[in-house]
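A, B, C and D are the chain letters, set down in written order, and residue numbers restart from 1 in every chain.
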């Protein structure tokens, strides 16, 4: 990931994977912070992720404003990315999406979303639920300015994922590959937990120690991590865009 | 959408999207009112939506009768469209479909379908359930004449969606794009609510104020709305038919 | 359907539709009685329905034995078809399958499968559950001889569908198109009922009068019925095999 | 299966089927013991099963170590296969996977996974749940050494399938075809049982006698067994790799 071309390619791949894996539909977006300029990040213009190409990527600053003269319409909710990058210097990539099976956990208040499967461990032991109505009253539920986005980022805190009531989730990762993976397995973890509850009895959640052990072992370019990225990219029809840095 | 050719194309797109998104299968239909003649509307002849082309579109009046000499068989339930267009001058497009996950809410009486997710807001705060048996006794459940259709339209009232017990739903929108979008997100909202109830506890529905706020912001040709239409059309294989009016 | 070639084509279409609509996987089969010889019926040799071509169709008698010298392996459970054709002279086509969402209703004893949606009406008001263990003790659950098959046919009685505990279902129709349609909508009706029960409260089943009204209106070559057959055939990639008799 | 070429082809087919049937995604693996050298087994290098070709297959010994000089990265969890082959001389093939619908049964403790459908019978009457935490405390849940793998194999005992808490399952079969089939029908059996419980009332599980009767009738190259293998291979796009031994 030594040059900008590869970052653009990776961001296209990320968009296509999230569409193919049904994390996003026409809505939802993914961004990556510029490694060489942490005050800027890259994200598509307002376009369905499945249709995104390198030409659709724009560069924004941490106020969510375009760095260059830009006539194309931008995502209304780009502030989510800006505010999370602002609040969390170690975060390199952000996803906001409405993946269907995460929604019930933001709507019903009896069950907290927590990791129950090893692939879900990266969502972390705390997944706060942010309700835009708490501080902003009756809105259209979209995060359309920095003030709202900073409130969401505050709720997210040091965690990896925040659910957004009646809307979706925001996820923050140390790399693009990590945040995409987290976004794919988040709904799977949600389904596993929902169904476990239907079976009844005591639920065995991952322990804090297990979550920490998995997190310690994570590396974005390990063979194991790459295996999924490569698989998903091929499944989404963009295997030809893959570039893997030297070990 | 300045000329009839574009309306025909849009109606083909709408048919294909509804099929691809599994809102309809061989059954279900979508119509659009003629902007230049509000007493006429356009709808396919009796054909599965996924197979509809421009040549399959017929023009009907508000009695559900063809305007021109027409030898081809028409949808038995075209009266649903006629009666809603008759009762609601502001409605420009109608969908009738059997989308699977809307059905349980017309069958079980303990849970009222209401918006729980922002994309479901357009169904509105009231989704009445119409039971054909209430006024027509034992039928084959199909709405096959104007009298039945007007009864359904009366139940729908000023709302956007009415569920039809043991059958499906009817949705009315201010534009074709709006009614298609509503029809796609209606089953998603239904699934989110069903699963939220399985998780248990209190359900946070969208407030009336949130529903109103979203509705106020709606515009059929905004970038945000177009984004979904463009995505779904491409996914359904009819991206080449897209035409977007000048802003 | 005036000649045998068309019957063969229709049977290929039926096989492909059932596979595409996930009523069958590698297992499950569909047969049609010879209109010109009611003591014979046509069915594929032992082959996954999705792979069946006209050359794979064999002719069996009501003992389930091949009419001509046949070296190819036959379905072990062909006796299901033989026994139903034997017991029910008006039945022209039979499906046996394991469609996943019908299975729970044969396993749990608290909820009887009944029509709750109009497209499910053709399963009829009574759907008996046959348990092979009742009369045959511990078996491999397969219906591998006439005695077992006749016991199943007896349980089916004059109904359209019998569930088979821990195994699947058998459906009998007055035409191939009818039995395929019934087999596609049977699991959908099952899902709608299961989810309605999850929503809770009173369930509104189709009334006996509604089921009768729908049944009276049924015709295998009406435009409405053909619409689904044509759609499913195209979806399954065998639209080119369609032949429609003159009205 | 008289020569090694055919075994390689079969193993490629197995990988592709498991991916297409969603038993595995980027993770999960399948192995086959060398018939001519029971102390060695064949398995892919660390690669998503959907991308595996014959060139990706490596040969390991019962310590999970490569027999030849191998520079490519191996599956971290290859020890699962080694330990099961070591403990169970009659086992010829092993699958480890995370099929989503098996997960709830390893997480919730109120419902034991047992066969409820005939195609699920091969999982056997006992499906133990192995929890890595019982003997190894807080880990990343992966089975990354022989000690852990032998503990899993001990829990599996003489059974065909063990669930792994919060992780997935391990399945052992007398042939590759058998273990693939078992892995495809295991999640289906899980779904049928989950939904039967949702319907309520008494659950009719397969009896021990029924499970035994089905097991006695099993043969890897019978027409019935081959039918599914042939179907799944074609569906996965590798029908051209099929080779069937002479009867």
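Note that a contact is a pair of C-beta atoms (placed from the backbone, for glycine too) under 8 Å apart; a residue touches a chain by one contact, two chains touch by 3 or more.
Small disclaimer: the values here were computed from a predicted structure and weren't measured.
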| item | value |
| --- | --- |
| Those chains which touch chain D and also touch chain C | none |
| Same-site or different-site touching of chain B by its copy chain C, using the half cut | different |
| Equivalent-chain rotation between chain D and chain A, CA atoms, steps of 5 degrees | 90 |
| Distance from the mean Cα position of chain C to that of chain B, given in whole angstrom | 32 |
| Length of the line joining the C-alpha centres of chain A and chain C, rounded to whole Å | 46 |
| Junction residues of chain A - those touching two or more other chains | 197-198 |
| Contact graph of the chains (line, ring, star, complete, other) | ring |
| All touching chain pairs, where touch follows the definition stated at the start | A-B, A-D, B-C, C-D |
| Residue ranges of chain C touching chain B (in the complex, touch as defined) | 116-119, 121, 188, 191-193, 195-204, 206-207, 209-210, 212-214, 216-217, 223-224, 227-228, 230-232, 234-235 |
| Chain D - residues contacting chain A, complex | 25-27, 46-48, 50-51, 73, 76, 98, 100-101, 103-111, 131, 133, 137-142, 165-167, 194, 197-198 |
